[in-house]
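Same chain, two partners: subunit A is paired with subunit B first, then with subunit C.
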Partner chain A sequence: MFRVLLSLTAAALVFVAAWVVWDRARGPTATPIADFSAPFVFGRFSVPADNPLTQEAFALGRHLFYDPILSGNNTVSCASCHLQALAFTDGRAKSPALSGGVLEFSSMSLANLLWGQERFFWDGRATSLEEQALIPIQHPDEMDQDIDALMVELRASIKYRRMFRRAYGDVTAENTAKALATFMRMLISSDSKYDRYLRGKARLTAQEEHGRKLFMAHPDTKVSLRGGNCIDCHSQFLTSGFRDALDGFSNNGLDPDGTLPDGLMAVTGNSAHKGFFKVPTLRNIAVTAPYMHDGRFKTLEEVMDHYNDGIVVSDTLSPLILEADNAPDNGPDTIGLRMTPEEMAAIIAFLHTLTDEVFLTNPQLSNPFDGDT
Partner chain B sequence: MRLSHVTLGISTAAILISAGWFTLRALPEKSTSITLTFHAEMGGAPLVYDQFVYDNPGGPGTFRVRDFRFYLSNLSVAKGAETYSEADSYHLLRFDNADRSHSITLTDVPLQSVETVGFLIGVDPEANSSIQPRGDLDPNSQMAWNWEVGYKFVVFEGALRIGETVSPVVYHVGFSENARQQSFAIPSDSQVDGDVQVDLTVDLAKLFNGATRIDMETLPSVKFDRTDAKDLADNYADMIAPKF
Partner chain C sequence: MKLSRFGQSVLIGACVVVTGLSPAHSQDREESQGMVLLRGLPTLDTNHSIAIVELDPESDRFGDILSEVEQPEMEHPLHHLYYSPNGRLYATGLDPVCSLAEIGLSRDAGGAPVVSGFTCLDTQGQIVGEDIMWATSNGQEYMFVTFMGGTGGDDGGSVGVFDPQTNESVKVIEARKSQVGEGEPYIMYPHGISAFEDRMVVTSTVHPDLATGVGNVLTIIDLNTLEPIENITVENEKPLDFPSSPVEVLFARPSIHPDIEPAILANTMFGFETWKVPYDAGSKTFGKPEVIYSGVANETAVPLEFYGNEDELFISHALPGVVKRYELAALPELVSSGPDIVADPGAHHMIFFTSASGRKLIAVQNNLLNLGNGAEDDPTDVDFIADLNAHTISVHDLATGERIATVDFKERYNKGVDNIEGLFGSGFVHHH
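Moving on to the complex of A and B:
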């Protein structure tokens, strides 16, 4: 009897050992994300050939995104400043900096990053999501983590070793960036009322439809066309900035030349780009207050007031903003859209149709450390 | 014996057929590669951006160029009566690069040589009323206006300075009726061994000075007024020419 038991135990041990060896030796599983689809009106997108969208990469990226282990003091995660319920912003003008005070820019919404500009951050300093992902981790005022120290921490975790192995292979900084990029690419918001309207599944109210028309129109008093001029910077379906070259960056008249921040010029060195910032998506804009790169406007009404009669002139101000005016008696002292209160309210009503409750509550995008996953 | 004759016959036929197949297949199909390089100029010199170096063509002041781009579509090349048309032929030409040029290459054009090239400045009505992305047409791009109108065909943005006053100049020309067909004979010396290189100039000055001479002070903006748009379209119809 004892010999039988011993044999069985030995056999079991050999089996377990073999399984462990096999599990470690085999390559990444890399299951392509099967049911991936996006509205055709979003247009073309591309995923880096060396980082295809896989379930394993997404699962790893999601864990990393929500894990404070990514910060130097293990208290800050990506999700500290990018909350799903707020379309992955944090509701603050500027997030607190680790060394005290606040960060330079407002936390950006993360949605539909497969489309729109192929540069990231307000000043466009990263040219891929893989490059972007590691920058806040190492920024001394954001997550203040030494990347090599992070690799040591991640390698000490059986769970992360297994997740990296299945997604990519080794625990490396490059694979960390790839996984975070994959998770961010899958933050797709395409189920707002506007999306359902585009699919013919919902009707806009008269006010929302009025707002949509104003959103899409550059005003032209010569032909009595009234417009909110939004589409000159925010594309009609994505509502993000444009993808081509640097078309998705603009100076929208917030500051005079004397105090105009560098913006994109800090990256390109071209003085024609001074004060240019990334045009953000307007998806879920009703839940991403406060607004602008520095969060200076608390409400959508304040934003509309800015474009209506608060434009500040500077040398690189978009001529499309400078020139757009709904009032025919264009004097030199009136810079702005000069719309009626009803028109501004209509545009705001349309902006509310961009809120996507499915996206804001999708459990697959939520914190995997909360409850069962 | 008889069977082997049949076998031999079949084998011989098979060999002959396959030999013929491979021989014919190996015959070189005559094809041509053609590259069109468009050079943006202003009155004969390379285009300069962001500096007040140009005179208002029809009035006082100087102007600067911030943006200049346009759609070129329905590109075709021909030799005699034979024509080859590029599929999904929609090109956005922009010149904000170091050499102020934009190249389009057609490879494997099934013609022995190329004598003429033709294209539209603008977009054909069918594509202009569609939100389907194709070629460089992108309904989420800066060139999209809205579903009712279609695409901007030619965009010029800049500023006019008169004394100390700087004011914006914005010309967005669209509407399907403003697409303009152009065609040229290709210079005879531009073809070497099935490889055609053609240089063309895009003279932005022609946009402001043609059948209509533009005063940017009195016409700071062209968008949806159809008469203004037509005047600019008649001007830009002549802005591209082959370099000799």
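Moving on to the complex of A and C:
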């Protein structure tokens, strides 16, 4: 009996040892994302050849995104400032800084980052999501974490060792960035009412449709065409800025020359870019208040008031904004679209069709440490 | 057992790396890719398909089919592709089993476009779909489709009105010559379609069997009532001793270019002419039709499509296979803006795009109708039309017209090429 037990134990030990060796020796698995599909109209995207979208990278990236282990004091995760229910913003004008006070900028919504500008942050200082991902981790006022110290912490975890091995191989800063980038690429919002309308699966109300038309039209008083001109900067399907060169950055008339922040100029050194900021996606805009890079507007009504008659002139103000005037005969007292209250309300109604409840509640994008996912 | 699982995961890993990389690579420049409808040629034993082709002569993959999906099983292929203003892709069809279809499109994890299926739409019995246009009637947008065969018969033909969201047929606009009474407006074999404000124009071309009858009028439809209100005859020279057979039309209008005085332009397939019918928007009346281009005088035949970009209008002539170009701002007059672009016999649809190095290009699809070739004992051959099928796409410098490269689909893929669109947006502005 004892012999049997002994040989069984020995067999089990051999099995475990073999399994451990096999599991360690195994290279990354790289399972393609099951049923990946993105709307055709969102356009071309490319994923870095050395970081294809895989299930393993996504799972790892999701864990890292939600794990406070990424911060120096283990209390702040990416999700502290990027909450799914708020389309990955934090609902504040400016995010809180670790040292007290607030950060310089308002947190940005994270959706459809596969498309649109290939530069990240309000001023475009990161040129890839891989590059972006390590910045908040090391930023003294965001997560204040030494990268090497983080690698030591991650390597100490059996779970992370395994997840890294499956996704990429070793636990490294580069692979951490790649995994976070994969998770962010998979934050695809394509199930709003507007998306369903585009697919022919939903009908907009008369007011939403009126707003959609205004959003897409450049005003032309000669042919009595009314327009909100939003599409000149916020593209038709993604509603984010354009991808080509620096087309996705502009000055939408928030501040006068005297107080105009550097914006993109801080990155390019070109004074023509002073006050230029990344044209953000408007998807889920109804849940991402307050608005603009500094969160100065609390409501979409305030945003519309700005575009309607609150435009502030500066040297680099977008000419597209100056040209778009629905009432040029009303004199030069205010600058803006000068639409009627009904038209502004219609645009706001359209903006509400961009809310994607499926995205905001998708369990696959939620905190993996909640429950047993 | 362990070993086999190990082997399996290595294999899966390897496949993923390969498939993971190649699409991303091929996605580098989508603007130079064309979406084409390819026709299986009966004597060459090939099937109808829809394909994405690389058309940038600077690309290593020039002329390659990047992806291809077979069309639903049917004798006659899909005919023309159109993107709706919301980016949905539709095709009209020649086979009665699928006269109008929506083509599903999506993207895979590498970003590559994927044709995800065809849905044949209920057309209420309307057959031989030709052109599609999205236009408004009483503030409501609809999808209008010309059906050359209509609901059948010798003087058939209809304009189908569809809900652009649900694709449901809302109305069949029909008015048979044999039924409407003497002098009343009728619709027969409609093909071309265009509109301005509340007036739509369709042409009456030729019976789909190319034998029963040929038309020679334009039909004006009142978009308020969706009823035909007027016929305008556009017929003068008869080089083939046939009625003129107006084919494509363009309602030249100020939204195309602010300097344009509204007028209908119509090409006559068998009269070889381009006609102008001036329109007075104030009184909503059409002026006297007039020939503004004569194929007989200019030695061209079978004028087909109108395409515009920001500053030029292009008209294709199947014989000898040229695209003529005009100042957009001068419309409705045809003021030449440069030498002809010499394509191949059958010069028909076209797209505009830029090469990787930024050179502006035009690609012309050269095929009138792929009806096979009598020399190869093809039963679908029609002699006159066989001359108009080069089965090529020729790519030219847009500024000079110089031909840079050609893809011969028959030689390379044993198929004909029926239609071309840009992958999305297609670089044309005014097609209808």
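Just so we're on the same page, the second predicted complex is superposed on the first by the 368 of 373 C-alpha atoms of A that agree within 3 Å, B and C clash if a C-alpha of one lies under 4 Å from a C-alpha of the other, contacts with A are read in each partner's own complex, and residues count from 1 in each chain.
Criterion: a contact is a pair of C-beta atoms (placed from the backbone, for glycine too) under 8 Å apart; a residue touches a chain by one contact, two chains touch by 3 or more.
It should be emphasised that the depicted structure is a prediction, and the values quoted were computed from it without experimental measurement.
> Quick check on the subunit A-based superposition: subunit B and subunit C, clash or fit?
clash
> Touch check for A:Ala38: first (subunit B), second (subunit C), both, or neither?
In the superposition, A:Ala38 touches subunit C alone.
> Figure out whether A:Ala245 sits in contact with subunit B (first) or subunit C (second), or with both, or with neither.
first
> A:Val223 in the overlay: touching subunit B, subunit C, both, or neither? Say first, second, both or neither.
So A:Val223 meets both subunit B and subunit C here.
> Per the contact definition in the header, classify A:Ala49: touching subunit B only (first), subunit C only (second), both, or neither.
Second partner only.
> Output check: A:Phe237 vs subunit B and subunit C. Expected answer is one of first, second, both, neither. What do you get?
In the superposition, A:Phe237 touches subunit B and subunit C alike.
> Based on the superposed arrangement, let me know which partner A:Gly269 touches: subunit B (first), subunit C (second), both, or neither?
neither
> Between subunit B (first) and subunit C (second), which, if any, makes contact with A:Gly200: first, second, both or neither?
second
> Quick one: classify A:Pro28 as touching subunit B (first), subunit C (second), both or neither.
second
> Clash with subunit B: which of subunit C's stretches 199-207, 253-261 or 289-297?
Of the stretches 199-207, 253-261 or 289-297 of subunit C, only 253-261 runs into subunit B after superposition.
> Name the residues of subunit A shared by its contacts with subunit B and its contacts with subunit C.
40-44, 222-223, 237
> Taking the touch rule as given, give the residues of subunit A at its contact with subunit B in the complex, in rising order.
40-44, 115-116, 216-218, 220, 222-223, 225, 231-232, 235-238, 240, 242-245, 247, 272, 319-320, 322-323, 332
> State the interface residues of subunit A toward subunit C in the complex, per the touch definition above.
18-19, 22, 26-33, 36-49, 52-54, 114, 197-200, 202-203, 222-223, 237
> Taking the complex as given, what residues does subunit B use to touch subunit A?
49-50, 66, 92, 94, 96, 131-133, 138-142, 144-147, 157-159, 165, 167-170, 172, 220-221, 223-225, 228
> Under the definition above, what is the set of subunit C residues touching subunit A in their complex?
2, 6, 9-10, 12-13, 16-17, 19-21, 24-25, 27-28, 30, 86-89, 105-111, 113-114, 116, 164-167, 254-255, 258, 424
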